[in-house]
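The two complexes that follow have chain A in common; it is paired with chain B in the first and with chain C in the second.
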Partner chain A sequence: MNLKYIVAFGLVITSLLINVSMPSKVIDKINMITVSGYDKAEQNRIKETVVAPTYLEQGTVEDHVYTTSADTVYGNRVKLNSKASEQLLNGKLRVAFYSEELAKQGLKTPIEFLTRDTSIDSNLFLAITKVPAVELINTVKTKKGKGVYFEDLFEHNIIHGNLPDVSLKTFEDSLKGETSDPFLPMFGIEGETAKLESLAFFKDDRLVDTLPITQADVFKMLYENVGDGTYQYKSDDYNISVENMESTRKITAEKKNGSPEMTLDVRMTGVVREYTGEQVMDQKSKIETDIAQDFTEKANRIIKSFQELNIDPLKLEDFFKSKHRSYNQDQFKEDYSDMTIKVKADMRLTGTGTRR
Partner chain B sequence: MLSLKDKVTGLMVFFLITASQVGVGVLGFQSIINKYAGNDAWLSVIVAGLMVNVLIWVMYRMLKNDETGDIISIHNVTYGNWLGAFFTILFVLYLVLLAIVVLQTYAEIIQVWMFPHLNIWAFLLLLLPLIYYTISDQFRIVVGVCFLGVVYPASLIFTMIFPLQYADMNHIMPVMDHTLIEIVQSSKLAIFSFMGFSTLLVYYPFIREADKSQKYAHYGNFYTTILYVLLCVVTFLYYNQSELTDVIWPTLGLWKIIELPFMERFEYFGIATLFFSTLPNVVLYLWAATRVVHRTFGFAHKRIALILLGIVFIVSFFIEGREEINFLNDTAAQIGFVFLFIYIPLLFVLNYIKRKVQKK
Partner chain C sequence: MTKKASQKKAERDFDRLLKKLKTKDGFMHYQHDHPQGTMHLGYLKTAVDPEKLEKYILPRMQEYIYNDLSELNQFIPFTKTELTNDSSQIQEKLVNGFVFIYMANTRPSFLLIPLPLDEKRQVAIPEIEFSVVGPKEAFVEDIDTNLNLIRKRLTIPELHVRKLKVGTITKTEVAVLSIDGISDEENVNTAIQRIEGVDIDQVIDSSYIQQTIADNKNSPFPQLLDTERPDRIAAVLAEGKIAIVVDGSPHVLIGPTTLIEFFSAFEDYFLNWMTASAFRMIRIVAVFFSILITPMYVAVLTHHFEIVPQALLTTLINSRAQVPFPPIMEAILLEFTIELLREAGARLPTKIGQTIGIVGGIVVGTAAVDAGMTSNVLLILIALAALGSFTTPVYKMGNTIRLIRFPLLLISHVYGMIGLAVAIAFIMVHLLRLTSLGRPFFEPIYPFRPADFKDALIRLPFDKQKKRPFQVRPDKVNRPVGKDHTK
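Right after this comes the complex of A and B.
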């Protein structure tokens, strides 16, 4: 019988006809935002700056920058769209900047939309700006597009530099978790370029402290296993620069006399790249102990400041919780500020380059 | 009577059981089951899987001892014709409800993630001919859909490697941090993801040498359990518990982290592939419902299929938004729990007594 084919065909056609009026998004008629920046505006409003590139011909990109302010981020989108020639969409958002002022007030609400919107990538990079975000975005002049520029800046610093792995995913994880506090990189302007200046530490969602990026190598090695880092050491006798640093971090948590005691054991290996003293081979063991000692001192200073501020970006509580069934959240938080946290460091120089 | 041509081999029970269990639930069960047992909820999945194994054993015991070997005849033997028919109708309603829940949940995901302006009833028009084609004729077509519904989405297991770059052991340790009671409470929530295997009570007569197929049913359930435990562990390693509670579809969140050179967003591929896993659910439930009505009242199979599809379609007009779908899911879970853990064992006992009495 042919009737059933006619009916089935009819249903399919009806379905398509009804859904054909669905708003579609044609690639030529949309503009993908690659970078967005948020500042505090008057009356608790949020000022949003977005960068949306247009690809002209092979290899050339023209970035359009739009700025408006409104009560919510998406309130801004209405205004931004009234300025843009194509509809602005989030699908390609790579980097989001928040001004220091906003971060001190609390980031929970301004980043809320990032996790709610289905089109936004979890690998997105977040950062704080020392100057207003709009200024930072406008300062950067690049031919490869601001989105790619900032993304590359983040990526190589994470893989080879002092920046620990930071993304929307890790930030959200530390923010929502009750046993850790988040941190983010902080950017500033130097002359005509953007510059990664420091790491910004948060208590809950508020910025409370910063650590210069030059000292962040120690933090990074305390925070995670590093695959390719550097270390600079300066003493009265010599200066040394160690490259190809690899480190493994091991935490042990014990309970002594009822109060927790943590030990962070960091083992590092590296290759000498620059050395101002004499005969590095003879001095090897001395250099190794010097660096280990220097590392321990710096690490102790960093941890001390965390304890004073009562923040836990190293996720020590998280670790303690996973190892001790007797863990009690209130008790740990109370103990944290004067807990014994030891740092053990071990440095091994595995090579000296092409010279003895 | 069913001829040998209508029947399928025992091995197919593996696919039928798995396909009836795995569905849209895999996208979101992790953030539901952690309510009581937190980071130990993956143990609850194992507990739930074992309980389902026991139920499968119970069902097989009933079916093997029955002459025809389906729920209609078991009901009739146990309760007599009238009361038996009443309970059979309740079973049909349960199956139709499950089919509606699955379809609506899948449509909601498409609406939230892919096409926000999608007209759900019009979308259903596209699916209904396909479902009708599958359920209106031979059972073998349903089995074919179930087979593909297990094989195609199996490739998605490999995508679970990507989220492991953010895996944190501290999220899941220490194991057994919760009491046994909490784990069992969570396993009650996990049972919902295993539901649907009760269609076994309907398609049992369609299996060749059915009494020897029991091991495949258990294997099928083991496969589902392993799949869920794997997914659950990866999710718990990726999210910390307080974050997970806020996420509606954790599995899609896991896919969000995947970036391939040729594909910016993996979720879309995942959602589309999961259609192969959703379709067998719907098809199997509706086929079973149709079959049961046909066996009870003797109406033409095709006509019943049309009427049931009509009901599913009309209901879709009345369901809108997260809360209603959530309500539907919770109701189906409650009913299913009562059906599986109270009604089935009760039926087993009554059926046993009745048969003993009749023999004497």
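Right after this comes the complex of A and C.
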């Protein structure tokens, strides 16, 4: 009876003693990669640029940027580790950049290692760079660390700006699901700073089209429910800025004469923040219809261009598949380019600030 | 021969006894001349109350008129006096605080008067379970006073006190209290059976009983609750639990109990139910925090840098920049320091203890950080963990919490969070298996009894507590409920 406990206790102690020198990753004895960038190098090699911060006193961060090229990403790591003072680890990787050149060739292979490593967060931000990734990373000068800098840039644009919710997870879902096409933000350089320029749309894993970020508000409201967006409208009579935009979108699909007909119903509410015309309250219903009309026009243009390129970033196929049993993948793909896709928009101004 | 010879023999016997007694320390002997012959009075100085002796016995013996001891006995204002001829039991009686008066030539020849010196502490304010509101009486070392404190609160004939003697040398009085018609006989019988089975020579404190009748003696968790508050005992007796009072101990045991009961202070019942529930939850969170925070610190810093938020990384790494040890070393070093301070503070007299606490806390803590022995963050975490373990109302449970941190610390160094999770699971299984007087200790969480949650993690208002806890299997589950005045 007692022997049982002694043996069990003994086993625990032995296992602790045997494993006491188990490889550990003590937090101040490693180099954490926060940002990585990938470019195409000659002979089909991959050029990798990684940022690994050193934490100095008083909360300041010094970033070390290492660049090499090799056949595989981990081939690069061997070379990079020979330069770094401590082991480079992926666990805190927050942002990965891929150059436009790589994106045009297809991103399936270059992002493969990101999805394979369990220590990498699937909420990692992926982005395309118009200039070589190494150049973009080197341009940014910041005291809080490049990792935090880029992460913050993504986050506030997703929550309050025009950038839809994108991450490694959504990108990979679209790639694997085959019922939608992925999209990613695209960065460029303006002067000394990095700048979120446009949304890049993919067909399968190849970059085919871009949409300037200033026009992405319409896309974002077509793509998902927005909690805090903005909308700018300009007409001959007045300019107006609507903030605190909330929108819900509803898709309905009907099958008429064998081919599906989709309707995207977007309902928006917002608060007037800036207005150049006469009294808002008198014009309220006119402004609302104007904005709704403007939205519909822009949306139709975007959808038209998607249909021409035969890409589906709005996940319409995904929706149709989940709701209709008659769904047939080949049939849908065939129908898609000349499918009727209607947009219904409804705008309501819920407030005009402290002025009428 | 006959009368004279037997008298001679008795006198010889008494002389022998006197001679023997005079070798004892503190034996006082006094002679008084009486027409019938010399009278002897003897007692042990340390066992007898001298005030009573001088006030009531000596004047009556010297001034009153009597012919023999039975007449004298009429004048003595004490009950339980004894008249005897047998000189053999005198020694034992003296030890118990009796005074003997011997009168030659009469029968009976000995008068024994009980005048035991009753040195006991006054009923004082509870110090360990102090509460700002509510009664301020605490148990003392005397069992009769303690029983009186309980009886005062439960003036009902159903209060059943069963007395036992435990300890082959000390013969300590132990009383098992229950209320007939409410508490389950089985609980009472279990307790009595176990107390009767206790086979040790001395029972100095109720802790001895607590440990010897525990269901699992190899568990670090105390399985009977001890309290110094008579009001708490009265309350739990009315819930159907039983109480064990031990002579010489100011702590009374409660059983069957649950783990969660150890985290409920009795003050919870004096406060509004919302405040009380909030404080109780804070206490439970504090316990979890206290047990888990240092092992988690070690596990995360050694193995799982991925889960540290980006913003916290700077703080953590900066605070560890000067530290040459791995996290486990600094954690053990600091934990050891805190335990040292705690032990030193507990062993020293109160005033010096306070000084040590301040010196240790401030000087050693900051010096250790300045010297680069430990990190700032860990210092804060360990100080908070120590505070957390102090919030436990029952001291013995606080000690257990102190203890189980250390194995967790070692395991999380080697196996990280997985090891920690397995170790916690191990402790959980142990708690599931524990019983208190045969009743499940981890109730109401396991076995899951939703009704008993009314007074577990939260304390519902009194009118929502119409049933006694199922855990103790009370004979009467329903509590008497008065009229509802709101209707």
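The rule we apply is simple: the second predicted complex is superposed on the first by the 332 of 356 C-alpha atoms of A that agree within 3 Å, B and C clash if a C-alpha of one lies under 4 Å from a C-alpha of the other, contacts with A are read in each partner's own complex, and residues count from 1 in each chain.
Here, a contact is a pair of C-beta atoms (placed from the backbone, for glycine too) under 8 Å apart; a residue touches a chain by one contact, two chains touch by 3 or more.
Keep in mind it's a predicted model, so treat the numbers as computed, not measured.
In the superposed pair of complexes, A:Lys321 makes contact with chain B only, with no contact to chain C. Legend: residue contacts after superposition of the two complexes on their common chain; A:Ser122 is shown touching chain B, with no touch to chain C. Shared-chain residue A:Leu3: touches no atom of chain B or chain C. Contacts of A:Gly91 after superposition: both chain B and chain C are touched. Shared-chain residue A:Asn19: touches chain B and chain C both.
Overlap of the chain B and chain C contact sets on chain A: residues 16, 19, 22, 91-92, 119, 121.
Residues 7-8, 11-12, 14-16, 18-19, 22-23, 91-92, 118-119, 121-123, 169-170, 172-173, 176-179, 315, 318-319, 321-325 of chain A are the ones that touch chain B when the two sit in their complex. Chain contact summary for the complex, chain C toward chain A: residues 218, 300-306, 308, 310-311, 313-318, 320-321, 326-327, 410-411, 413-415.
Residues of chain B touching chain A in their complex: 112-113, 115, 117-119, 122-126, 128-129, 132-133, 166, 168-174, 177, 239-240, 242-243, 246, 252-253, 256-257, 259, 264-265, 267.
The touching residues of chain A, counted against chain C in their complex, run 5, 16, 19-20, 22, 24-28, 30, 32, 34, 55-59, 61, 89, 91-92, 94, 119, 121, 147-148, 151.
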